[in-house]
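Please see the structure below; I have some questions.
Naming follows writing order (A, B, C and D), and every chain is counted from residue 1.
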Amino acid sequence: MHDKAYALFEQQQQDRGIDLEQVKQKLKALKIETPSWGYGDSGTRFKVFQQVGVPRNPFEKIDDAAQVHRLTGLCPAVAIHIPWDKVDDYEKLKAHAQAQGLSIGAVNPNLFQDDDYMFGSVTNSIPQIRQKAINHLLECVEIAKVVGSNTISLWFADGSNYPGQVNIRTRKRWILEALAELYQALTPDMRMLIEYKFFEPAFYHTDLADWGMAYDMALKLGEKAQVLVDTGHHAPGTNVEHIVAYLLDEKKLGGFHFNSRKYADDDLIVGTINPYELFLIFYQILDAGQDADPAVRKTAENIAYMIDQSHNIEPKIPAMIRSVLNVQTQYAKALLINFDEVRQAQERQDVLAAEHAVRQAFEQDVTPLLAAVREEMGVPVDPMQAYLDSGYAEKIASRGKGGASW
Amino acid sequence: MHDKAYALFEQQQQDRGIDLEQVKQKLKALKIETPSWGYGDSGTRFKVFQQVGVPRNPFEKIDDAAQVHRLTGLCPAVAIHIPWDKVDDYEKLKAHAQAQGLSIGAVNPNLFQDDDYMFGSVTNSIPQIRQKAINHLLECVEIAKVVGSNTISLWFADGSNYPGQVNIRTRKRWILEALAELYQALTPDMRMLIEYKFFEPAFYHTDLADWGMAYDMALKLGEKAQVLVDTGHHAPGTNVEHIVAYLLDEKKLGGFHFNSRKYADDDLIVGTINPYELFLIFYQILDAGQDADPAVRKTAENIAYMIDQSHNIEPKIPAMIRSVLNVQTQYAKALLINFDEVRQAQERQDVLAAEHAVRQAFEQDVTPLLAAVREEMGVPVDPMQAYLDSGYAEKIASRGKGGASW
Amino acid sequence: MHDKAYALFEQQQQDRGIDLEQVKQKLKALKIETPSWGYGDSGTRFKVFQQVGVPRNPFEKIDDAAQVHRLTGLCPAVAIHIPWDKVDDYEKLKAHAQAQGLSIGAVNPNLFQDDDYMFGSVTNSIPQIRQKAINHLLECVEIAKVVGSNTISLWFADGSNYPGQVNIRTRKRWILEALAELYQALTPDMRMLIEYKFFEPAFYHTDLADWGMAYDMALKLGEKAQVLVDTGHHAPGTNVEHIVAYLLDEKKLGGFHFNSRKYADDDLIVGTINPYELFLIFYQILDAGQDADPAVRKTAENIAYMIDQSHNIEPKIPAMIRSVLNVQTQYAKALLINFDEVRQAQERQDVLAAEHAVRQAFEQDVTPLLAAVREEMGVPVDPMQAYLDSGYAEKIASRGKGGASW
Amino acid sequence: MHDKAYALFEQQQQDRGIDLEQVKQKLKALKIETPSWGYGDSGTRFKVFQQVGVPRNPFEKIDDAAQVHRLTGLCPAVAIHIPWDKVDDYEKLKAHAQAQGLSIGAVNPNLFQDDDYMFGSVTNSIPQIRQKAINHLLECVEIAKVVGSNTISLWFADGSNYPGQVNIRTRKRWILEALAELYQALTPDMRMLIEYKFFEPAFYHTDLADWGMAYDMALKLGEKAQVLVDTGHHAPGTNVEHIVAYLLDEKKLGGFHFNSRKYADDDLIVGTINPYELFLIFYQILDAGQDADPAVRKTAENIAYMIDQSHNIEPKIPAMIRSVLNVQTQYAKALLINFDEVRQAQERQDVLAAEHAVRQAFEQDVTPLLAAVREEMGVPVDPMQAYLDSGYAEKIASRGKGGASW
């Protein structure tokens, strides 16, 4: 059945003018980092429901991440969050990951849970607190060196809840000062990714509230600083793929935090609320990957794809598997766009044909393609079913309730 | 100075055709319920910052509420939340309140923090959990009888996070079933207020998502069921005062949860983000208070005004004082609308004059009026300063950190 | 190739437990009304770009609509707008439609373009204008009788631009009065559909602003009054399919105006911005079509599907063809949901499985299915290509520029 | 009465630590440009209601603008729009303005109403159309030279309605090319203001969609290029004053288009929907006016304040008077902020005191202050009443209906 389906699919794509071998190569090269904290308990301000089997420490989080990679072949790296993943011996953590075929991905400083940060971390009006925050940033660079990570991923919860509460311009200067200190500490092969967020936990103003602010910081810092787009951090209606295209053109798109939103920063499983948006983001990335400017192409190829979600009511590992499969699915569909057809329709200003050329790729069923790719990669054709059959959930049940949470 | 200011104010309002004695009477009659949980620690999903002096039990919460009432004269009742305010002896709680000049206001069931409610309470697909939730509702009626409250205030966090997760229509029927059981249990003098919410903690669908759903439930139940409007529970751009006017006209507006929002359900101090909106809500209420239909007038007079906020970074008692003063201020301004002038401009379709007649009242400085009213009520002219001078904050500091939170 | 693809598709759906014969029957029964005004020039407040070949009168609009039906088999009825489609002899218009295999669908009164309606039509504070508006409503019923339509479709642009401009409650009563007069005039086989709109052209308050208000009106009027959902008339983030489910359960969903939106009431081609949302709407409709309550099932079966879009930059007829094909596509996908699988996953509270069971249907490529259905219906397998090849566009070019517009 | 009120006001502000003389000086220096098109008919896509007395040509528009300036003392310049204000002899237009005490303000190219611009102007994929658009930009510089204007104000309606319709990155490069050509043509004393817009008339992507894109363009061009903030051009919830503060700090805020919005780009009278937001914008500007960096201070002082509204249902001249008075009122209130008090509260992280220090200024009634300032400026104390009494409306009625519109 799979074979028959793939044969037909191959024929169809050939007829559509798609080079399937190239598509498969790109699919095999896709890497999506999963976050250590995505394996722990999370929730809303109203309640964190604790689940059975949640990892109790960073090592167990890596075990779970390894399981996801084993079944999908997509997730060779795990992002860590300090101090959530603080350990005595980071060499040991690295080795633990390596032993399971993983590496440590982005290192994420935590600047929002210390009591000192109630009114800001790097933008706190108290100099000692700003220094403490900067020290933590520098500490994360040191940890990155040890664990072999080349990415510092920065999200600042800093902001204010009321008009007048803070001086916005002063804080803007402070955040640049902190970022500049961090930038200086980066090794030549490292980069820093600057995330922005529309709101929450600050409800009046957030120091880095949109892509423009993050971009401006990255511009001031230099080429090792780039912007990280979290798909849930925008105002209602925002055209996220436009921002993606803009940043790519400026060589300033560094990475993604994938998740879905319907209302605010809902942190739902990526691809479940508006899968077409995810596809359109990949369309922009693939289009930039064919740019005449090699620097734009290189930017498109070096994007760090990461999951950042809160699985409040879902079992953690299956939720992560579903997430990365959803990304893979939309990426596969975007690879089926006939870019020549799109370009030609655009050139003759044929709105309907251009729109259709893009959306037609989205309408393809990529199940046979993904099955073929997975077989070639040596992973299960149905990773979710494979997980359910694996006995892993039963095994980790012995961890009980009350594991790590954020 | 106050006298001079008030004399001028009196003259100005007389010139504007305002009956100041009536205004003062209405101001003295204003009552705003404060929530017991507003005195405890609260926060975001990212962090709850614990504060010094937070009450450690329901009795201390009532002490703090009494302090707010003592200084403002506005808050003779305290809403309670079960089980957050569960005590062995509710008679004792009632007596503790009465001893300080307070009564117990709305009783709020909690249907979102028990582990059983992960997939819903009254709309859970497991019948036993639905029954448990209904039992809790009935328990709250019993508590209300004991503490002398005539209001059950209902917020359901129930909903789903993903398309397909639940059957929306089935859950709609279950929620009506639960409400009907509760309705039967109400004593003749009781009413139930049905709150709705756009989203959170459910991120795909919320069983009672908007005023239309809450209103329809109230319609099906009978006249003891009314809608509660939480000012933070709407989609961006929603005209809240329109909803208020509509519900008033249908005799179905029962109460408010006041707070401010800029983005989502931010739960900021009421009147700090868009004070004009609060004023416009009171404009609709006062207009309905002059309706030809006595039932509409009565509805407008029987609205339960309540505060429902999260003071994440503010000291709790001053934040509550500021909140009720903000409500009082906007209410005072709305009382200064010359309704005849508005009506006449409306009748001659003079857009600019009608708009101006309303907004002019908002532009008035009501400081002298409020000073006069407070003097006549025997409370401090500047309640906030009086609090800061009272030594109460220092006294409760002995409670230390780690008080009640939700 | 088509045969091979369909054979495989058939096998796949059989394996998924889908009854393809029933699916095909339902697809053949799908009817989508196109609007006469959708064939004319339209635009934004900034500019209406006139196109060549736009129909110059109601008869030519019907010719174009007939062309769409001929190629798709989906659109046997055309909605008309009075006075845009005012003719001396409505019998002749009806005959003109019938001669081409069409009937006249919903009759839409226009209450927003007469100079008298600057401050409202049925809610104008001037009684003579209200009466004029009511007379127009009654006129439309008379026209409906002549053209053989059983649907009056009502959209009121009435509202206000500024706080204080109008008395909201009074206008609410006036709109009900007007609707009640119209209701009385309906013949037993007619129904009236009440549309609501979040905003525009009124920018402060719209008299019927949301589904709750339209629903309440329909409730007060009786069973011949139902709500019409225009997919573009909601606040950002609104869960439209939830509203659909709610109205179905109350037997009050009467029809749809289909279009797409990203920001406001953008009136883009349906299915181009968030196709998944359209699929989810059909999921709710099909689910209600299996309800235990026959009245709910009947409501689901009697929904009037209509297109209501502004094709500002697209050629009109192809844009209409694309629109109805997009609706057909998402409807086809929704028909492939295995409802038993969904129900079972819901019952065991398996969030991931339930979500997946729904979304999996969306991931199907329905091209072979639609090709088969079209062949059986005797329409072109690729209606868009057939149109481009038909020579019709060239033929109507003789109409020149400057045709009908709204 | 005025005297008594002012005496009390003076005392109150002195007690609050406000230097009233400085406040009055700044109020007298406030200039708000009115737009020539604001005096013509405008409307929504549904209907333009024509009004009696609307100017029939650019000269009459200037007459009306002069009337507004005469009565308010606030509006010595008029912005023009080409080709709406195209005349044979621009010297004559300039002289006509000067004769009435006015100058010509910003020159606004129109790049959205020519049929050629259906798919874009400076970003059209057809090189000839791009060149035509650039030529129009250069033409506007020539006109600016003749009329004595030093500001080119740029709004591009360019964008797309559907995913895939255009290549976003290519268009980004084209827009920069056009802007660079314009930049080269500016004389040393000129500046260009780059406006951005969230959406409309493009409904999928707008080439300059947010402040970040406009800012980036300005950054690439040089110091004569700055950003123009239209208060209605943002996503729901956007903190506009934050953007203002950010741009001020970067010396890139060049001007404002003032208006109010509740939903989309509603273009209502500024200060009618959320007056506090307007006040908070001025708070940021005044705060920047005290910056340690003289370049930031200078930027704050050189902001071009302009009205840009659509008066769909209001009489044009009174609507303009109300608009500039509303701006003056909120500016006056912001001048009453005690900035030392704010700073001190911020420094001790006293959230409630800082918020209150800002909002307290907003609560002041500035009527006595504005009366005094107007008397000193020699304009009527109540400009609106003076207009109604002036007989001007009766005089221009002879123009009849059917004047200029856009």
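Definition applied: contacts are C-beta pairs under 8 Å (C-beta built on N, C-alpha and C of every residue); 3 or more make two chains touch, one makes a residue touch a chain.
The UniProt protein names, listed by chain, are A, B, C, D = L-rhamnose isomerase/sugar isomerase.
In this text, all values refer to a predicted model and were calculated from it rather than measured experimentally.
Engineer: Determine, among B-C, A-C or C-D, the equivalent of interface A-D; equivalence here requires over half of the contact pairs to be the same by residue number.
Structural biologist: So the equivalent interface, with over half the same contact pairs, is B-C.
Engineer: Look at the interfaces B-D and A-B and say which one is made up of more C-beta pairs in contact.
Structural biologist: When A-B is set beside B-D, the one with more contacts is A-B.
Engineer: Can you work out the whole-Å distance between the CA centroids of subunit A and subunit B?
Structural biologist: 40
Engineer: Tell me, which residues of subunit D touch at least two other chains?
Structural biologist: If we look for residues of subunit D contacting two or more partner chains, we find 119, 161-163, 198-199, 204, 236-237, 239, 262-263, 269, 272-273, 276, 313-314, 351, 355-356, 359.
Engineer: Across the complex, what residues on subunit A touch subunit B?
Structural biologist: 42-47, 49-50, 112-113, 115, 118-119, 157, 161-163, 198-201, 203-204, 236, 261-264, 266, 268-269, 272-273, 310, 312-314
Engineer: Quick check: in the complex, which residue numbers of subunit B touch subunit C?
Structural biologist: Result: residues 119, 125-126, 161-169, 172-173, 198-199, 204-205, 209-213, 215-216, 219, 234-239, 241-242, 245-246, 248-250, 276, 280, 283-284, 287-288, 291, 296, 342-343, 345-347, 349, 351, 354-359 of subunit B touch subunit C.
Engineer: Subunit C touches which residues of subunit A in the complex?
Structural biologist: Residues in contact with subunit C: 1, 4-5, 8, 11-12, 15, 236-237, 239, 262-263, 269, 272-277, 313-315, 318-319, 322, 329, 351-352, 355-356, 359, 362-365, 367, 384.
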